[in-house]
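What follows is a pair of complexes built around subunit A, which joins subunit B in one and subunit C in the other.
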Partner chain A sequence: MKALLRRPSGAIGLVLVAVHVAIAVTAPWIVPHDARAISAALMFSPPDAAHWLGTDHLGRDILTRTMLGGRQALLVTAIATPLAVAWGGMLGMYLGLAGGQRDDVAMRLVDALLSLPWILKMLLMIVTFGAAPQVLVPVLAFFYGVPVIRIARAATQGVVARDYVLAARARGHGRFSIILREVLPNVRDALMVEGAMRWSWMLLAFSSLSFLGFGVAPPTPDWGLMIADSRSFLAIAPWAALAPVAALSSLIIGINLTADALAKALGLDRAHSAPQ
Partner chain B sequence: MTVPLIDIAGLEVGFTSRDGVTLPILRGVDLRLEPGETLGLVGESGSGKSTLALAALGHLRQGLRVLAGQVRFRGQDVFALPPHRLSALRGGSLALIPQNAGQALTPTMRIGAQVAEALRLHATCAPADIPGRVVQLLARVRLPTPEAIARRFPHELSGGQQQRVAIAMALAGEPAALLLDEPTTGLDVTTQAHILELLRALAAESGTTMLYVSHDLGAVARVCDRIAVMYAGEVVQEGPATHLLRTPRHPYARALLAAIPRIAEARIPAALEGRPPMPGATGPGCAFAPRCTLAAPVCQTHRPAPAATEDGTVRCHRASETAQPLPEAQPLAATAPGEAVLSVQDLAVSYASPGPLAQLVGRPAGGVAQVADIRLEVHAGETLALVGESGSGKSSILKAIAGLLPPAAGRISLPSGPLAAAVDHRRPDEVRRIQLVFQNPDESLNPHHTIADILAQPLRLYHRLAGPALRARAAALLEEVRLGAHHLDRLPAQLSGGEKQRVAIARALAAEPALLLCDEPTSALDVSVQAAVLALLARLRRERGIAILFVAHDLAVVRAIADRVAVLYQGRLCEIGPAEAVYRRAAHPYTEALLGAVLEPEPGWQPRLLGHDMVERGPPARGCPFQNRCHRHLGPVCNEQAPPAHELPGGHVVRCHIPPA
Partner chain C sequence: MLAYALRRTLLGLITVALVSAMIFFAVEALPGDACTAVLQRDAHGQRLENCRREMGLDRPATARYLDWVGGAIRGDLGASAGSGKAITELVGARLANTLLLAGLSMAVGVPLALLLGVVTALARDRAPDLVLSTVAILAMTIPEFVTATLLIFTFSVWLGWVPGIVLASADAPISTLFPTIWLPVAVLTMVMTAHILRTVRSSMIDVMEGDFVQMARLKGVPAWRVVWRHALPSALLPAINVVALTVAWLLGGVVVVEKVFNYPGLGRFMVDSITERDLPVVQGLALVVASAYVGVNLAADLLALLLDPRLRTARLRA
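For the complex of A and B:
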C-alpha cells in the first residue's frame, strides 16, 4: 500500500477512486436538489449559483444527478468484480495445475466465449433474463471472469513447473491444497491487478448498456443514461453531457492508474522495473 | 619490465542503494596481466569476480559505476575511451566467452554465417577469404568436420560443440586477451575436460592471454599459471598456481581448498561456516574476520593491506602464521547396511507419448525408452549414488520413484509391497516414507512462505500437528539441521543458499522418511556450503538410519558421501557396486572415462581423456548404450548385442562385453 502511494500514478488513482466511492455512498444525504424534480422553467439553464452544473432538458439539476448517477454502476460492478476474479481465478489455477484434456477442452470453450463480441453476449442475456441488478451482477461476473481464467492459468503454468509445487505433489497434497497454499500466493498479485482492470471495463460496459437503454431504467439517475439523454442537445446544453462524461472518465482513469501503479509496485510490469 | 596487457589499479566499483548509500562491489583491486599469461579468478558467488572480469572489458552492469581507480589496457584507460573505440577494443583486442554459449548463438543462423559475421566485424581479411577463414577457425577449436559444422544450426550441436563455436568466434579478431566467464560451468565433466585441454592448447600455441573466471578450482588449476582468490570484492591472495594450491596463505583460500571433496578417499571435507558479507556490510577490519579461525583483535579493527610474499601477494594480518597443512577432512564412517527399504525392478521411463492414432488403437509409444532395465536396491542406513552426465536419466529415475513420472515398465516396491505408479494413487504412509530434496532450494521453497509455514506443511499432512506442538516440532527440526528456532519466521529470501538447502532437508525429515531422494542437492551451492550439507546428510544416515539415494554428476562429491555407486549412461546401468571398488577398479569403459575427466585442484593434475565428446541423440536401439563413444569398442558385438552383466564379489555388477579383469 505504501509502495502504491509513493508512485504519483498510484496516489492520484487511489484519490480519484476514493472520492468517487465517498460521493456514491454519501450522495443521498448531501445532494443539493431532488434528482427527479422536473421544471419547465429551468429547462437547459446554464451553470449558475443555484445549479452549479446547470440543468438538463427536463430542468433537473445536473450536479445532483451526476452525484447519484454512479451509485448503481459502482454497486453492481463492486459486487461483480470480486465474483469474476474469484471464479475465473480458481478455475484458471485448477486448469493450469491439472493440464491435459480437461485444460484443452475448457480453454477452447474460453476461446469461443471470448471470440463473441461482449455486447452481443450481454444483450442476449438481458433480453432473456431482464436488466435488474440481480441479473446484471451474475451476468457481468460470468462474462468478465472468462478472461481472468486465462490470466490465472498462465500465471499458474509459470509456477507448476517450479520444484516447490512438485515437492508438494510428491508429499501427496491434494490439488485444492496445492492451489491454496503453493499457487495462490504466487498468482495473487496478478489477480489483484487483473481485478482492477476488469472493474474499469465492467463499469464501462455497465454505462454502455445504460446508454443503449438496456441498463438502468429512467428516471433513476445514471451516467450512461444521462449521456444518452443529453446527446441530442449537445449543441445547446453541452454541460448536461459533460458532467457525467467527466465523472465516468475520471473514475475509470483512477482505476486504471491504480492498477498500473499496483502492477509496477508488485513487480509484474517487468519492462518498467529497474534491473536487479 | 614490459607494459602489462591489462593493468587494474586500485579499482573500486559500486552502486548507490535506494537509501542513497554508496555500496562497493569491488574494493581496491590491483591486478596485472602480462602478455601470454593465464590468470584464474576464483571465489564464491557474490565475491565480485564476474564484475571484475567485465570491468576489464570496460563494461559495467547497469547501475554500477567506477568509484576509484582505473583499468588500463596497453596503457589506455578503458573507462575514458569514447564508445566507438571501446567497441573496437571489445571483440578486437579483448574477447569475452560467456558461460552459456548456446544461448549466445543466434538459433536461426547457421554456424558458418555467425562466425563469418564475427570475422567481418573484427578481422582485417578480404571478403573472399572469409569462408576459408571460417573453416580454419572451426578447425582450430578442434571441431571434427568443420565444413559440415559450418552448415549446421546451433541446436544441432552439443553443449560442448556450441562452446567451441563461441571460442572460435572470440578468436576471429585475433584478440590479445580472452576473458572467460565460467566457460565450462553447466557442461558435463568429460566435455569440460576436453574444452579445458583446448584452452590450454590455444594458450600454448598462440600465446593468448587469458583471464579465466570460475568457482571451480579444479578447472582453474588445469588452465592457469597464476590464480587470484577473491572474497567480498577484494583480491585476498594472488600468486603462482602451484604455490597457491599447495600452500595457500590466506585463511579464506585455505578454507576454500579444504572444502573441496577429493576423489582419492571417502572423506567429508571441512566446511566453512558463515557466509560472505553483503556489499557495504564489511566493517573497518578484514572482511573475512567474522569467519576466520585465526582472527586476532587487529583483524576486527584494521583492514589488512596487500603484502608481497615470496609467492605473490596476500591480504592478511596473519599470513606468516598460516603456512600450515590444510584442515583435515573427516573420513566417512562406515555403517552396516540394514534391510532393503526400496527395490526397483526393470524400471523403464519413456518420454515419447503415443500419437492420437496409436492411442485409439491402444498401441504403446514407439521408439527406444529413455531409461530402461534399471535394477537397484537401497538399504537402510546406506547412501547409493546415481552418477552420470546430463541425459543419463538419473533425475528421471528419482522422479519415477517419487511417483511424479509414471514409468513405462517395471516395479518399484517398499518392504510393505509394490508402489502405485502415480503418487496420487499411493497410500499416505507410502508417500511419507519417500521424501525428495531438490537441486535448487530457491526453486523448491515457495518464496511467499515463511520457514515455519514450509515446515508446517508435512507436519500437518502426515502427523496432524497444530498450534504450539507444531511450532515446537518445526523448531526441533531446524535444530536437527543445525539451524535455530529464530529462523522460523523468516522468508527463504532472507537465508543463504546453504541455509535454504538445510530447510529443504528439514522439510523432508519432517515426514520421518525411510528413504531420502536427493537430486543434486549440492550442485547449486558454493563449495564452502556444500561441505556442510554433505556432512549433514552423512550424519542423518548414520544417526537415523535413513537410506539416501543421491543423484549427482560430480564424482568427487559422490566419493565423499556414497557407500555404493551406480553409473548410468543414456538411461542404462553400466556399473553398480561398492564405492571403494568402483573408484579403485573401474571396470566399465564409461566409468573409466568419467573418472579420467575429474579435475582436482592439484598443481600438475593430468586428466586422462578417453574417447571424444560428441552429441548423443538418444539411446541406440540395439547393443551397448555406450557404443558410440567407447574407447574400448570391440566391434560388431557391441553394436548388436546388449552387454551381459558380469558379477564381481561384493555385489559389484558390470554390464560390458569386455569381461572385467
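For the complex of A and C:
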C-alpha cells in the first residue's frame, strides 16, 4: 500500500477511484437537483450558476445525472469483480496444481470461451435474460472469471515445483489446503493486479452495453446511456455528452493507473496485454 | 519443431470444434428458436409446428449440429431466419468491410506502435516516455465509444473535416466507404497502438540490457544500428502474440466502434442479428469470428517458432 502511494501514478489513481466511490455512495443526498425533473424551459441551457454543468435535451440537470450515473455500474462491477477473481482464481490454482488430463480439457474449454468476443456472449445473455443487476452480476462474474483462470494457472505452475509445495505434499496435506496455504500467498499479487484489470474491463463492458441500449434502462441516469442520448446534440450542447465522458474516463483511468502502479510495486510485468 | 507445429495446429482445430459445439448448443439452450423469431406473435400451435418441420427444427439437436458443422466445412452456413438469404453471402460482404477497416488500422497502427515503442524504451523514465506511456494508458483504457464521441466532436462537429457517421450499405463499393472510414480507423488505431507500444517498450528495455547488445556497443556499432538491427528484431518476438490478439479483436470485437459510426461491418451485423434473434446468423457469425481468433493466434505461434531459434530447441510443450 505504501509502495503504491509513493508512485505518483498510484496515488493519483487511488484518489480518483476513492473520489468516484465517495460520490457514488453519497450522491443521492448531495445532488443539487432531481435527476428526473424534466423542464422544457431549461432545454440545453449552458452551464450557469443554477446548473453548473448545464442541462440536457429534456432540461435535466447534467451535474446531478453525472453524479448519479456511475452508481449502477460501480455497484454491479464491484460485486462481480471479486466473484470473478474468486472462482477464476480457485479453478486456475486447482488446475495448475492438478495438471494432467483435467487440466488439458479445462484449458481447451477456456480457449474456446475466450475465442468468442465479449459482446457476443454478453448480448446473448442480456437478450435472453434481461439486463437487471441480478442478471448482470453473475453473467459478468462468469465471463470475466475465465481469463483469470489462465493467469492463476500460470502463476501456480511457477510455484508448483518449489520445495515448500513439495514439503506440504510430503506432509500429506490435501489439495485444498495446499492451494490456500502454499499457493495462494504466492499467486495473490498476480490476482490482485488481474482483479483491478478485470474491474476496468467490466466497467467498460457495462457502459458500452448501456451506450448500445442493452444495459441500464432510461430514465435511470447512467454514463453510457447519457453519452448515447446526448451524442446527437454534440453540436448544440456539447456539455451534455462531455460531462459523463469525463466522469467515466476518469474512473477507468483511475483504476488503470492504480493497477499499473500496483503491478510495478509488486514487480509484475503487465505490459503484454491485448485489447478485448 | 515440426512435431510442435503439428501439435499446436491440432490443438487449434480442437478449440474450433469445441467452440462450434459450444455456440450451437448454447444458442439451442436459450429459449426461442428461428421459428419463434420469424413468426413472432403467431408462434404457437399448428403454424409453429409447420414452420419447425419446414426448417427441420423438429429433428434432434445432435443431428442438426452435425449437419450444421458439415455445411460449415463445405462453406455453407445455412440461411438467415429473417431475410432467408444465404448467411455466407451476408457475412462475406460485411467481412470484407471489416477487413478493410482492420487492414487500414493495422497499416497505420503497427508501424506507429513499433516506432513509439522504441522511442519510449530508449527514453525510459524520461519526459518522452512518461508522456507517451501515460497517453498509451489513456488510449487503451478509455471506452471506444468515448474516444469516438470526442473525435466526432472535434473533427466533424467542430472542425467539420470529415462526416461523423458512415451512410453506406453493406455491399457498397470501397470508394463510397473511403471518405468516412478515417474516424473509425483513428479510434481503432489508438487502442491497438497503445497495447502494442507497451509490449514493444517493455521487451525493448529487456533486450537493450542483454549481452549481445552490450557487445555490439562495445565493438563500436553505431547507436542507431544497435537499436534497429541488433535489438529490435529480438524485441519484436513478444509483440507477435499481442499483434495477433489485436487482429483477432479487430475482426470480432470492434462492435462498439462499428455501431457508433454506423459502419456496415461484422460487428454491427452481430448486434443487429442478436437483437432480431436471427439465431442461424448468430451461430454462423460466432463460428466465423471464433475461427478467425484461433487461426490468427495459431499463425502467430507458428511465426514465433519460425523466427525464434530458441523455441525450436526448447523442450516441446503444448
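As a convention for this text, the second predicted complex is superposed on the first by the 268 of 276 C-alpha atoms of A that agree within 3 Å, B and C clash if a C-alpha of one lies under 4 Å from a C-alpha of the other, contacts with A are read in each partner's own complex, and residues count from 1 in each chain.
Quick note on the criterion: contacts are C-beta pairs under 8 Å (C-beta built on N, C-alpha and C of every residue); 3 or more make two chains touch, one makes a residue touch a chain.
Note that the coordinates shown come from a computational prediction; the quantities given were computed from them, not determined experimentally.
K.L.:
Applying the touch criterion given at the start, work out whether A:D111 contacts subunit B, subunit C, both or neither, answering first, second, both or neither.
P.N.:
A:D111: touches subunit C, not subunit B.
K.L.:
For the three-chain arrangement built by superposition, which of subunit B and subunit C touches the greater number of subunit A residues?
P.N.:
Comparing touch counts on subunit A for subunit B and subunit C gives C.
K.L.:
By the touch definition at the top of the document, which applies to A:V25: first (subunit B), second (subunit C), both, or neither?
P.N.:
It touches nothing on subunit B or subunit C.
K.L.:
Per the contact definition in the header, classify A:L248: touching subunit B only (first), subunit C only (second), both, or neither.
P.N.:
A:L248 contacts subunit C only, not subunit B.
K.L.:
For A:L166, select first, second, both or neither according to whether it touches subunit B, subunit C, the two together, or no partner.
P.N.:
So A:L166 only meets subunit B here.
K.L.:
Contact-wise, after the overlay, does A:P185 reach subunit B, subunit C, both or neither (first, second, both, neither)?
P.N.:
first
K.L.:
Both subunit B and subunit C contact which residues of subunit A?
P.N.:
274-275
K.L.:
Contact residues on subunit A for subunit B in the complex?
P.N.:
So the residues of subunit A in touch with subunit B come to 162-164, 166-173, 181-182, 185-186, 274-275.
K.L.:
Per the contact definition, I'd like the list of subunit B residues that touch subunit A in the complex.
P.N.:
By the definition above, subunit B touches subunit A via 61-63, 402-404, 423-424, 426, 428, 431-432, 434-436, 438-440, 443-449, 457-458, 461-462, 507, 511.
K.L.:
Applying the document's contact rule, which stretches of subunit A touch subunit C when the two form their complex?
P.N.:
9, 104, 108-109, 111-120, 123-124, 127-128, 200, 204, 207-208, 211-212, 224, 227-228, 231, 234-235, 238, 241-242, 245, 248-249, 252-253, 255-257, 260, 269, 271-276
K.L.:
Sort out for me which residues of subunit C touch subunit A in the complex.
P.N.:
11, 14-16, 18-19, 22-23, 26-27, 30-32, 134, 137-138, 140-146, 149-150, 152-153, 157, 191-192, 195, 198-199, 201-203, 238, 241-242, 245-246, 248-249, 252-253, 255-256, 259, 267, 270-271, 274-275, 277, 282, 285-286, 289-290, 293-294, 318
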